[in-house]
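Encoded as structure tokens, the structure appears first; notes follow it.
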Amino acid sequence: MTEMWVNMGPQHPMTHGLWNLRVRIEGEIIKDVEPEMGYLHRGIEKISEDRHYNEIITLMDRTCYVAGLSWEHLFIVAAEQALHVTPPERAEYIRVMSAELQRIASHLMWYSAFVQDLGLMTPFLYGMRDRDLILDLFQSYTGGRLTYEYMRVGGVRSDLPLGFTQRCRQVVDWLMDRFVEYDQLCLSSTIFHERCDGLGVLLEPEAVAYGVTGPMLRSAGSRRDLRKDRPYSVYDQVQFDVATATTADVTGRYLVRMEEMRQSVRIVRQCLDWLDDHPGPVMADHLPRWLGAPYAPMGNESYLLKRNYPTGVGLSMIEEPHGEAGAYVVNDGGEHPYRVKFRSPVLINIWAAKRYLPGYRVADIPPIMGSVDVCVGECDR
Amino acid sequence: MSNVSLYSVAYTLSSVLLGALAHLFPAPIHGWLISGTVVTALAAVIFAAILLLASMLNTILLIWYERKLLGRFMDRRGAMHVGYAGLLQNFADGLKLFRKDTVRPGQADPLGFWLSPTAYMVTSLVIFGLLPISTGWNGGSLPLTLLLALVIFSFAPLFIFLGAWASNNKYSLIGGMRSAAQMIAYEVPILLAVVAVVVLAGTFDLNTIVLEQRNYWFWAPLFLALIVFLTGMLAEMERIPFDLPEAEAELVEGWNTEYGGMLFAFFMLADYLRALVGSILVVLLFLGGWTLPSYVPAALTSFPLAGIVWFMVKTYLVFGLFVWVRASLPRIRTDQLLRLGWMRMVPLALLSVLLAALVVLSHCLPLIGCVPSMGG
Amino acid sequence: MSATPEESPGREEKPFLWVTRPLATAAKQFVKSLWRPSTVVYPFERLEDPKFRGEVAVASGKPIGVGEIWDNYRGVHALNINTCISCNLCAFSCPDVCIEMVTVPGGDPKHPKKCPQIDYGKCSFCGFCSDACPEGCLSMTTRYELSVHKREEMVYSPARMFEVYKSKLPMNPIRVERPANEDQILLDPPICIGCNACSRDCPTQCITMLDIAKPTAKPGEKLPKRIWKEPVINDSDCVRCGTCISVCPKDCLFWGTRQ
Amino acid sequence: MDQEQLSAGLSARFPGKILGVDTFPGTNGRVRFDATVASDLFRSLRDDFHFTHLTMVGATDWIDHREVFYVLWSDADRRYLILSTDLPAESPVIASAVPIWPSANAHEREAWDLVGVKFEGHPDLRRIFMPEGYAYHPLLRSFKIHEPEDLEVKVRSD
């Protein structure tokens, strides 16, 4: 049979966003793929050059719309390094707790979409239903359900409300029970194994060479987790294990993500215990003028000269739900960052599709690409 | 009530209508109108109209039933706003589809493109004329009803492939080829499972098959055949976990990607018609049709139209089984599907034929014991 | 084709199509949701209504927060026109430039009263404006239904936001505290000409012009041409809006910390 | 391997081409190097210093020159390393890192697309986010947003 190119995207149920996977197939066998990105490019790096540091946080929520707090965290860590600001410890614990809750929410979103790609819609509803509880938690202290705008350079916007830790504990307890249910729907089903075992294999050396990170890399047996290897915030204060698998296939990624959710619950519980015992401020002192709560006009340029703010470069790499995200912030002493550059884990993970997709069947594309956990918002930025 | 049949109802209606009409006309036309030929012809038309109406209403009700049931499996509600508990939602959807433009892609072949939805729909509808719903409530008793129904049932891949090819779309083409491969592969185990039933019943007439189940329903001796038949029917109906031809994750909407508006509605309706036919066949072949076991109190079986009521209850329960499967299983891949069909289902079906033959020869059942009237 | 690991964790040797566990799980959920599924039927039942959240919580055993999680919700703004001091801080802090200060009745002709007008077509509901509001007159409420027929209707005038305020919806109580050692407005005395612009436009009236001694001109030196007054800023009343800095014709006011 | 060792090792291998090693919190330092030795330096860093991961490639427009930075990760040290080099603004060209780290592919396409840095030896240096034939490199400081005519897609004549 002759070969043909099939465009899977930009409007296609498999893509979960706006991107195009061009596939060369022979019969049902994939011969070559060519990802095309850029349909959702909003120029966030360019817009950031025109904004105050704290105003960029509103962009971060929109960069990755399923893991907003993780991306806020990413930018905040880099910006604080560039601006030489140290947040109070309580704020760091709140950030870590938020990032881990966000990781669970993001993985639940992934679980929903991934299993729906396999043709099973029930887990989609279960996952979204349970993710809603985490969004409720977020809403109770950030005020938003999707765009949180919660973290600030030097701390967080507000302290946790009364009774939050109690409710959060209830929610994570409830979620732990649900994780069992998810596994019953997927791992206990032979069809799931028939569909996922041995698909999209990307072994560790190749994964490293192609820059693949996150659950995809850990499913190949690597123990690389920036939370352990290069602890940022207060990750060195909490105990957790790195989830790994050895199969390097779709099932392995499923197992890694499921285990990560359980480990996240563990971290959240430790953070809650700490937060219960250590009340305190959540915002740092000694902030530059434009990082305080109200953003008043600076008046004239001479102000900056009079204050002589230090310049700096900040680099933060954090373990985002999709992989290793990075931010590189150049502060030239002005109100706005001179340059902001983000590393999107999803872009690189998709890019490696050239390596892990050929040889499988057309019907295998949804599970394989689903296991990558594509979020086009952060990929195109 | 047993002497009331669908045809007698249609005939009565026809003669009453024509009798009333005839009074308006002078003698020659009057006499011609009340003549036997005309009344019979109109009765046939009314008969067909009733069948069409009943099958369509049932199909739409089936869609509603699936939506509600699936909703509960997924911890949600399903359709609930249009009409009582959303009963009219599907009519609203149908109205919306009816108002939509049907667009044919420029490069698509017109004849195949327009023909295939219609043919798919019509072939699915024709089967209803053959299926007995209750005593007397059928289109006529042919000696080979079951075989004819199955033959018409297996026309579908032809028209699906025709439509897929004609729409000149890569997704449609892949979907159409998958559909053809899948349906042809699962014809074999289905027919073998039916052979087991026929061996036990000794006839191809659906009426007789149901009557043969008066002592025991065939699912007990033919449990293997039932499993094979259910699996095969899932594949024939293209429902999850065997809905590869329209696997929406990779093939958008499979072979009906290019169809919109009423043509899509035809495909959709025909799919559910086939689902209804499949459920009815399961009830007829394995679950005793409209009969109930003898230990059931007579009050439950003697009210008017009891046969039809029990028949529909059974049909909907069987369809609920399909919905349950849909709510809990993911879709499998083409090669796995074919492997399952050829390497698991065919041997199982052959085994069940053997079992049926053994039951007939020994006149005995594993649990129920020996029954003298067994084996047709 | 890549290597295919044969062994996969979690996989036990089971006959092909062994699917009883997922079927059982789905059936369990079916029984559970027969009485009341988790859905909150939106236009008729509302998330913020404690009654329905309670129903869902009881029926499905879910730990759903009732009511209080809506306290911090960032929805449509409520504006108390009476306490607004026209400080412009909300407009300055808006990242999307969707706030425009428009004149409302109530001010004097020389010093018109201006209140924010928000274009919800651009607003991202980040809450920076209500965080910045020093008087607490601009707050975000729990109203989230914004759909209208025309784009012009997306623009909420101060009067319309005042109606939202009067409807007594729950309002976001978060007030971001100012940093302890916040920058103050400082004066560069030699440049000041005593023009009174800062004092006139200060929304909180915290700037008073105090007379300063007119120095005696040394022989041969010409005194600068100016009014011999200097602004003195009452820090405890100052809301740090920067209006004085923007209106100062000589750029003699600036942000800084008093040593 | 700490920063001193790395610095000494690199200086010994590339005399005069390592312009300096700054400290950078949380990393093994920031190595400024001469762009002429880029390819050899990358190879040496991967093979001799075990920087197996290329995490990020980016470029900054400093108006008078353009800076290209690389972030590397070493699994052995569990540390990052930042490489940085300055390219002249009129001809920003540097050797591609794709032959050494395949993961550089998308990063370098992005840097070319947004900042206009050319990577020699890149197998497929096309635009990645902006449409093909777009006339600008949007992350240059000379590119101003809020100008509608700039937001339209302009196709070059060539």
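Each chain gets a letter, A, B, C and D, in the order it is written, and its residues are counted from 1.
Definition applied: contacts are C-beta pairs under 8 Å (C-beta built on N, C-alpha and C of every residue); 3 or more make two chains touch, one makes a residue touch a chain.
None of these values were measured; they are calculated from a predicted model.
K.L.:
Which chain has its C-alpha centroid at the greatest distance from the C-alpha centroid of chain A?
P.N.:
B
K.L.:
Of the chains present, which has its C-alpha mean closest to the combined C-alpha mean?
P.N.:
Closest to the centre of all protein C-alpha atoms: chain A.
K.L.:
Where the centres are mean C-alpha positions, what is the separation of chain B from chain D, in Å?
P.N.:
65
K.L.:
Whole-Å distance, chain A centre to chain B centre, using C-alpha means?
P.N.:
So the centre of chain A lies 48 Å away from the centre of chain B.
K.L.:
Taking each chain's centre as its mean C-alpha position, how far apart are chain B and chain C in Å?
P.N.:
60
K.L.:
From the mean C-alpha coordinate of chain A to that of chain D, what's the distance rounded to whole Å?
P.N.:
24
K.L.:
Residues touching two or more other chains, restricted to chain B: which are they?
P.N.:
Residues 73-76, 327-329 of chain B touch two or more partner chains.
K.L.:
Would you mind listing the residues of chain A that make contact with two or more other chains?
P.N.:
Within chain A, the residues that touch at least two other chains are 122, 126, 129, 185-186, 189, 191, 194.
K.L.:
Is the chain-to-chain touch network here best called a line, a ring, a star, complete, or other?
P.N.:
Graph shape here is other: it fits none of the named patterns.
K.L.:
What chain-chain pairs meet the touch criterion?
P.N.:
So the chains that touch one another pair up as A-B, A-C, A-D, B-C.
K.L.:
Considering the complex alone, what residue numbers of chain B touch chain C?
P.N.:
Touch list, chain B to chain C: 71-77, 80, 324-325, 327-329, 340, 344.
K.L.:
With touch defined as at the start, can you tell me which chain A residues reach chain B in the complex?
P.N.:
Going through chain A, the ones touching chain B are 4, 6, 8, 12-14, 28, 115-122, 124-126, 129, 185-186, 189, 191-192, 194-195, 361-366, 370.
K.L.:
Provide the residue numbers of chain B that touch chain A in the complex, in ascending order.
P.N.:
Residues in contact with chain A: 70, 73-76, 170-171, 174, 240-241, 243-244, 247-252, 327-336.
K.L.:
Please give the residue numbers of chain C that touch chain B in the complex, ascending.
P.N.:
16-17, 19, 22-23, 25-27, 29-30, 32-34, 37-39, 41, 60
K.L.:
Quick check on the complex: what are the chain D residues that touch chain A?
P.N.:
Touching chain A from chain D are residues 24-27, 30, 52-56, 58, 60-61, 69, 71, 75, 78-80, 82, 101-107, 110, 114, 127-131, 138-139, 143, 145.
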